[in-house]
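There are structures below to look over.
One chain, chain A, appears in both complexes that follow, with chain B as partner in the first and chain C in the second.
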Partner chain A sequence: MNLSKYIKVYTKFLHTSLASELEYKTNILIDLLTAILSLIGSIFLLSIFFQNNSSIGGWEFEQALIIQGIYTILNGITNTWFNPNLSEIVKHIREGTLDFVLLKPIDSQFFISLKKINPSGILEIILGFFLLFYCMKINQIILSFNLLSLSLITIFCSVCILYSLWFFISTTTIWFVKTWNATEVLRSFLYIGRFPLNSFSFSLQIFFSVFIPIAFITTFPSEVFLGISESWKILLEFFVAIVFLFTSRKFWLFALKFYTSASS
Partner chain B sequence: MISQVINNKVFTLLKVQYSNMLEYRVEIALWAISGIIPFFMLNIWTNNNLSESISISNIMLSRYFLCAFFVRQFSVVWVVFSFEEDSLMGKISPYLIQPLNPFFRYLAQHIAEQITRFPFAIIIALFFFIFNPDSIWIPKMSTLLLSIVSTFLSFLIQFLIQSIIACFCFWTEKASSIERLLFIPTLFLSGLLAPVVTFPEYVKAWIYFTPFPYLIDFPANLLSGNETNVSRGFIMQILWIALLWPIFKKIWSEGTKKYTAMGS
Partner chain C sequence: MEKNIINVKNLSKSFEVSSKEPGLKGTIKHFFKRQTKSLKVIKDISFEIKEGEIVGFLGANGAGKTTILKMLCGLIYPSEGSILVSGYSPFRRKDNFLKKITLIMGQKQQLIWDLPPIESFYLNASIYEVDKFEAKRRIKTLSEMLEIDDELYIPVRKLSLGQRMKTELLASLIHEPDILFLDEPTLGLDINAQRNLRKFLQKYNKETNATICLTSHYMKDITSLCRRVICVHNGSISYDGQLDHLLNKLTPVKEILIVCSTEEDVNKIENYGFTIKNKIKNEITIKVENTAITSSLRTILNNFDIEDLYISEPPIDEIIGKILIKKKL
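What follows is the complex of A and B.
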């Protein structure tokens, strides 16, 4: 595998999809407005929770804001890369154009996971980082090299888990053809990532860490950022991310054996 | 004679769309599952004793959220996404020739989908009662009827709003981003995630003039037996429909003049 080829191909992807997305400039603006409003909305919801109780699941309001920040970053990443590509995969399989992807002398998973990009999500990522900076100020977090690198590693692991979940569902398209609604289910479960895991009852906590690892996606990185995480949690997150990436890769290769090239 | 024609039209449209929807049972089931966010919210409320400071008991709160789930299930609208796809593909052209506004076709689609969805919603409610046996109650026949009417009115309001947005497709081609923007206030202000009574005073001062609390909060309160202003609720729902209907008619007649029959 030569890296330089892949980097070169990726810059071409960026170029073409940016060019086509920038045709709809007002759309990008509206999407940015949507991201800002949804952040305001969820902070509003949090403030309703906290007006009745000063701590929820052991999290103060200022600390819970960190989770919002990390959620916003991850949601931005989902909107930038995972979402637009996923709908492409569904289209590829339904119309049988996956043939052309498989014929290309390049890894098919790389191609279909990164072909498209939606620039409005990048603004959301920036918004999330701004919120994190603000949280650093109000929580008096002193950013050391250790903390920064650990936070970035755990956020990166979250991105890997998130990607695997999305890719896993898109892969099932090969059998079920229409998976649009399955992604809706995933999306609504991911919504829970806006709240600290401890605020749920014990059974739901188990559900959200074992079956759908939402706990790993936002709560763990937030704890690392706050400096209250234990090292086993970081190791566990790292391990889960690797398992997820590996499984989604294997699952894709397995599913391809069943691809029957519709309508061709 | 005229009424017979209309009857026939309505019946045929519904029958066609219902058999169409029955094909996608799995998807509709998944879609029903994706609406269970209110239950997670309920879990946060009860698990952190947030209801102590508001005058709603945990049982009433759980009934509220169950009803919110039901109202949401039967007032989901996605017309803008169908319309956008159809108009981008030029599928609207044959519909426009027919002596029937295409939006009636979409309306029939939605109603047929709700009928298909009904059993799944009941199954989810049964599971809810298994986990929360305390919250079982049987609403009075009259309240049940009233809340069905108000749920349908809420569906109509959302359908009209989305149809108006869908008509923007005639000008901008991509109208779904506007819908996503408008979905944010709907999500946070309609009472799906928290009952409107728990909102802070500065929001409650103006929110009852907007259509949002009448989309989910009002029908859900009605059905669950929580306190609500029945006459104001219905008057506001009807007022909003009366306001939106002429706007839709105007924008539709303007838009069809702009129609360029893309893709054909």
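What follows is the complex of A and C.
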């Protein structure tokens, strides 16, 4: 893979998608406002849960806020990269414009995963990090190099898991043509990731760890931040991320063999 | 002698298609138990295309033209047979192969909708590893050939269909491909825009010796661009050869309208032994075989007092209509 070519192309992607988004100023302002209001609403909802209980599933309000912070960062990444690109895969396949992608001398997964960005999601990422740093302060967590790097690695792993899941579902469009609902269900499950995994019943904990790995997406990285995570969980998170990325890649390459293109 | 750039041997393609009975009952049945069948859309076809050739693929809707084109550029995997395009097996979609070809579809677009086309051109240039200065030179050359200038800086969504098609062409040619696959490139364009596009393709072929494979339902595209046509009927090739030969084969007779000075001359021509189509006052239309046109004209000019004459052929659309429904030509 020619890395400098891919960096150059990605720079162009950034440039063109920012320019496209800036064509609609009002839309960006509304998106930015939505991001702020959504965060305020989520914190308010969380505070309601904790109004009569000092802790839920062993998590106190200040600790649960860390999960909210990580959720906000992930939601920001979802809105910045996943939503504008991965939702388009269904459209590309339905309308046959995937033809143009496949006929370009560039990795098709790279192209369809990163072509667009939505700048308003970046505000959510920043807000999420602000919330995380605020939580570290109120939880009296001392930020060391080890803690910071471990936390960033686990957040990166959770981004990879979420991306792979979304990409995997979108890829099935090659056979099923319409899978909007499946990605919406995935987003709904992600909302659950705002709450600590321990606050759910045992069976749901198993479900959200094994079938829909929400635990790996928000709960485990939060535990790393709080310094209460066990090393096997970090290793498992890393392993799961690699397996998910590898599988989604192989699945995409396999699915392309069945792509029949839309009729003209 | 120009070498073959495309070699297709015993190519077949089958698709799984589902069929549904009409009505609510049919819909419910279709939802729970889908009836699928394998449909062979391309049946054992073979052909070769030489470097620099412009070949038109003719056929009715659903005959298999676009499927052939998509297999040639590597989008669809063939069920049987082999394809070699510029020495590559298309479905592997190797970077070096993709840099040699382009696909232009009249009904689909790749330009970024909200931005001026120039942004998409530079994006494509970076994907094809064309440096900025070279890209600038190519954009200048191609935009001059396509006669576009201000359009490069206007958002795509504000361009007319004709302008958009020109910019689509430019975006697809920025990497100077050797082979162009064009699927109904003039679809929906007005007459002037169609003519300009044809003019450009002729010029591009002449200047770069690029090979062009074209499908179109506008017969003018085929007659003005392609010397060779491949007619596809129900997934099989019904004719592969020169367009002129095909037209001669299908219309062995031409019509000559003769305007005489008097009705008396019309009667003389009538009695001479020509096959008469019709006669009105001092005008008479005769039918003459293509091979006898010259001798017949000589006879008419030497023996009769005529004011004017016109040679006409049956409308090309009528002839092509025959091609589309004939299994073997």
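Please note the rule applied: the second predicted complex is superposed on the first by the 263 of 264 C-alpha atoms of A that agree within 3 Å, B and C clash if a C-alpha of one lies under 4 Å from a C-alpha of the other, contacts with A are read in each partner's own complex, and residues count from 1 in each chain.
To be clear about the criterion, contacts are C-beta pairs under 8 Å (C-beta built on N, C-alpha and C of every residue); 3 or more make two chains touch, one makes a residue touch a chain.
Small disclaimer: the values here were computed from a predicted structure and weren't measured.
Counting only touches as set out at the top, which of chain B and chain C does A:156 meet: first, second, both, neither?
After superposing on A, A:156 lies clear of both chain B and chain C.
Quick check on the superposed pair: does A:260 touch chain B, chain C, both, or neither? Answer first, second, both or neither.
So A:260 only meets chain C here.
Per the contact definition in the header, classify A:12: touching chain B only (first), chain C only (second), both, or neither.
second
So in the superposed three-chain picture, is A:200 touching just chain B, just chain C, both, or none of them (first/second/both/neither)?
Once the two structures are laid over each other on A, A:200 reaches chain B alone.
Quick check for you: in the superposed arrangement, does A:38 touch first (chain B), second (chain C), both or neither?
first
Please tell me which partner, chain B or chain C, touches more residues of chain A.
B
Return first, second, both or neither, reflecting whether A:51 touches chain B, chain C, both chains, or no partner chain.
Only chain B; A:51 stays clear of chain C.
Once the two structures are superposed, pull the chain A residues common to the chain B and chain C interfaces.
Correct list for chain A: 24.
Inside the complex, what are the residues of chain A that reach chain C?
Checking each residue of chain A against chain C gives 2, 5, 8-9, 12-13, 15-16, 19-20, 23-24, 95-97, 99-100, 102-106, 257, 259-261, 263-264.
Touching residues of chain A toward chain B in the complex: what are they?
Its residues touching chain B are 24, 26-27, 30-31, 33-34, 37-38, 41-42, 44-45, 47-49, 51-53, 56-57, 176, 178, 180-182, 184-185, 187-188, 191-192, 195, 199-201, 204.
Can you list the chain C residues touching chain A in their complex?
Its residues touching chain A are 15, 66, 70, 73-77, 93, 95-96, 98-99, 101-103, 105, 107-110, 112-115, 119-120, 122-124, 126-129, 155, 183-184.
Of all residues in chain B, which touch chain A in the complex?
Touching chain A from chain B are residues 24, 26-28, 30-31, 33-37, 40, 43-54, 172-174, 177-178, 180-181, 184-185, 187-188, 193-194, 198-200, 203.
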